[in-house]
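Next come two complexes built around subunit A: one with subunit B, the other with subunit C.
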Partner chain A sequence: MNWLSDEVISRLQAASALPDLSGTRYRLVKRAGSGGMGVVYLAEDTILGRHVALKVLDLPDTSGELAVRLLREASILATLEHPGIVPVHDAGTLADGRAFYAMKFVEGTRLDHLDAQKETLFDRLRIFMRICETVSFAHARGVLHRDLTPGNIMIGSFGEVLVMDWGVAKILRSPSKRAVDSLPNQTTTAGNDALPAAVSQTAYGTVLGTVGYMSPEQARGEIDSLDLRSDIFSLGAILQFLFTQLSSETQSPPLSAIAKKAMSPDRAHRYESCSALGQDIGQYLDGLPVSAYPETIFTKLSRWGSKYRVAIVLVLTYLLVRTLLLLGYRH
Partner chain B sequence: MTQDTSIGGPGARFPATRWSAVRAASSSDAAERKRALETIIAAYWKPLYKYIRIRWGKSNEDAKDLTQAFFASLIEKKSLCDFDPSKARLRTFLRVCVDHFVANEVKAAKRLKRGGGAEHISLDFAAAESELAHAQVSLGASVSPARADEFLELEHLRSLFGLAVEELRRFCENKDKKMHFRLFELYDLEDTKARRPSYAGLAAQFGIAVTDVTNHLAYARREFRRIAMAKLREMTASEDEYRREARALLGVDSK
Partner chain C sequence: MNKVVYGLILGGVLGIFDGLTSWFTPEVRPQLLMIVVGSTIKGILAGVLIGFFARKVHSLALGILFGLGVGLLLAFFVAHMQGKYYREIMLPGGLVGLIVGYATQKHQQFSTPARS
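Let's turn to the complex of A and B:
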């Protein structure tokens, strides 16, 4: 056997790691990043002449379990048509046996890489409201994300806010379940022989998510009892991340109270929906009271005074002038 | 090319997937156990021989004896039965065993003298020694344990890829795709960048279209990957371990 040099080994490693796109409409451009169970490549769709992102399993999957998860993610994305969720174009199995799906290629910045100097608190809260709207949409379609973190939020170059990585999402109810079950057998690019039809279930006790952003019940592996309030906990953690990155001057008790309520250890005390959470943020941005922060009379007066400052100044000036005129008249 | 070891043998004897040499090494079936040990030895003898040379600074002759004795002891004592894949990788387990074995070299030497009937394993040490000349590390105590670990990792990868290349050659011959392998050999296995031919050059040399070169190379790489993964799978005991090893093998984690 010939000796393989280090350079040959590196070349063989690279050749083995790259997806085999022969027989597909895609041409590999470059590696764009990696996630928990796959690598994302920038590729060219040679038929439509546009760039797409290909998420490909980075390993051969003898049990088929990873392929099911990847294609399940694709099918969930396909059922969630929303401006805040990346559209999926295609899914299937490559000639080398690896499952993949093609989606819109998004260029932008991850939320955790946002420049704290450039984005104001107002900008950040507007982004957060968009995240709440997207997750609220998914909840309305019966889908839990289960891994909401700043690293899974992308801010596109035109300001679009996208919730990414639905790989561990859970389907709560089934308006779209039939599509989820059947998609792997319907849509392929390079053959579908190896695609498993069944959708895998997550076993009780399995911990999925990211430490620091997952709810206590998720951390305990209580898979069966998870509901949308688990995602609300993660959103609360994201909110906290967003405002704690800024200077302490921009932090306010109402915002902290909103995050605290969303992240309550007892889920019964959290917001009942993402819309309610987003609504509280909207109230805060409009200078109105938020449900999570009961105000004292002084706070109410202060906020009232701040809101009607001009009118109050005008009235006080008027009264002062009238008083002075009255006093002058008497003298 | 010649076979490096008489017990490494042609690789097409086992099912490509699901078969784990690590698990089979503790099988109660003697024939199954023997096949498993042959597979493990074929993949690991060269890396471990070189490791003993590098890490322990042993002479060529001493390293030969120690490698022979180590594998004989592994078979005799059924040491692989003690391997717990949930605690360590096979490579780490073997390295620790080798370190322990070499550290007790004197005792081992005595045991060798006593054990005249110990199984003799035929290994091509001359080839391993000439490969060692390419290694850019010094011999002996100056090599840190961490560096020695890295060295073993790389040598294991080299051994595994080497076996996969040999199997790919046989596979292509059986499938009447010798040209596919030849292109792979000329393009992907060429050491020197300057001597590496272009696709157009290969197309002219073989009288085929450039697209055929692309397709043939894609075929050979795909089969190489499949074979290398199957070999790796043989060396792991669980799906989880296999995935971790495959990520390392493909360099996924380091990118």
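Let's turn to the complex of A and C:
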């Protein structure tokens, strides 16, 4: 016997899934999206009167491990203060027991939703260089992203490029004690010192990442041996995604070579750092040779000719005028 | 490449061509090598002077005028040493100066990469 209709049941389920923000400074506005572990809501910070994004755990979490992982993500983000990484404002546990953290609400477009008609290859490569800079910064702080995909890159309304979703990030070196101490009181148990081994260090054989963007070693679950070259593989896949979306006329051998080098199955053959990858893209944008693409003599001559086009035209003009003068003297 | 080096190279290259064209004048053909060396030095000197001017003064019109002036003046000295061929030496010399003046003004000189 059905006491409640399916519609009522689904409404009740939806209502019960909403986070209980009582006792916090936030007022729920709407659901904005969902990530790997949680749902992202648009909320209003009632004290500061601004919009924030609340990431709230929405998976069953009897052991509490997912909550620790979510708060760990917040603590990693807090250690990475960079224009390309969304700043975290707050973290803690809601009245309904679910872990959450508050971050800047970013309005914009995901990289995989960029309009291929509006964005030129040049624009896309500039965006890609910004992504490289951000990931390079994270690497310098000892953090691997491990899930770099176009869906995790956001282009803000003012052109800002943000690398999102650090939920499966790996810390290569321990973050500073200051960063852990700076976590709010509610999350003191979520500091890295308190992380269960299974959460703070993903178990060997676990596959984390996105198919098509994760490195071969990541796909094999070689968690312990991952290093920054895994992220470089993902960046290579993003680069390939960016230029293959455009017409075939804009695809060039040097760019393909850069992506191929970054995505080399053997990580020893990949770029040694994100900076080196970004630098090659910069060289390409400046019309200079790139390390991944050995040029033929004809390509070098063509590049040289293109660079000194004005001078060559002037020399030819001189020769023409000089010939005319000579002919004039003879007559 | 800065404007002075650019002017030097362009002036030198045009100077070489300038000298080589004397091959078409049979009576001076025996002195071809000396003429080529001399006109190259003249072109380099003009290029350096015009390059320095372009570094200080950012004006296409003034750059061209200065280049023309320097080219004509240097060519005049050379022609004066010969005592003849004024037109044959001064016209190409002025042309070299004019071209180098234009080129050094148009040449973009970046001290930092163009991207930001």
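A few remarks follow.
The rule we apply is simple: the second predicted complex is superposed on the first by the 300 of 331 C-alpha atoms of A that agree within 3 Å, B and C clash if a C-alpha of one lies under 4 Å from a C-alpha of the other, contacts with A are read in each partner's own complex, and residues count from 1 in each chain.
Here is the rule we go by: contacts are C-beta pairs under 8 Å (C-beta built on N, C-alpha and C of every residue); 3 or more make two chains touch, one makes a residue touch a chain.
Worth saying up front: this structure is predicted, and the values here are computed from it rather than measured.
Of the two partner chains placed around the shared chain by superposition, neither subunit B nor subunit C is touched by A:D115.
Within the superposed three-chain model, A:D266 lies out of touch with both subunit B and subunit C [touch as defined at top].
In the superposed model, A:S5 lies in contact with subunit B only, and not with subunit C. Shared-chain residue A:D286: touches subunit C; no touch with subunit B. Once the two complexes are laid over each other on the shared chain, residue contacts for A:A95 go to subunit B alone; subunit C is not touched.
Of the two partner chains placed by the overlay, only subunit C lies in contact with A:T317; subunit B stays clear of it. Of the two partner chains placed around the shared chain by superposition, subunit B is the only one that A:D20 touches, whereas subunit C remains out of contact.
If you check the complex, the residues on subunit C that touch subunit A are 6, 10, 13-14, 17-18, 21, 24, 87-88, 91-92, 95-96, 99, 102-103, 106-107, 113-115.
Interface residues of subunit B, counted against subunit A in their complex, comprise 1-4, 17-18, 127, 130-131, 134, 154, 157-158, 161-163, 165-166, 188-191, 193, 215, 218, 221-222, 224-226, 228-229, 233, 239, 242-243, 246-247, 249-252, 255. Interface residues of subunit A facing subunit C in the complex, by the touch rule stated above, are 126, 129, 282, 285-286, 310-311, 314-315, 317-319, 321-322, 325-326, 329. Across the interface of their complex, subunit B is touched by residues 1-17, 20, 22, 31, 34, 39, 58-60, 62-63, 95-97 of subunit A.
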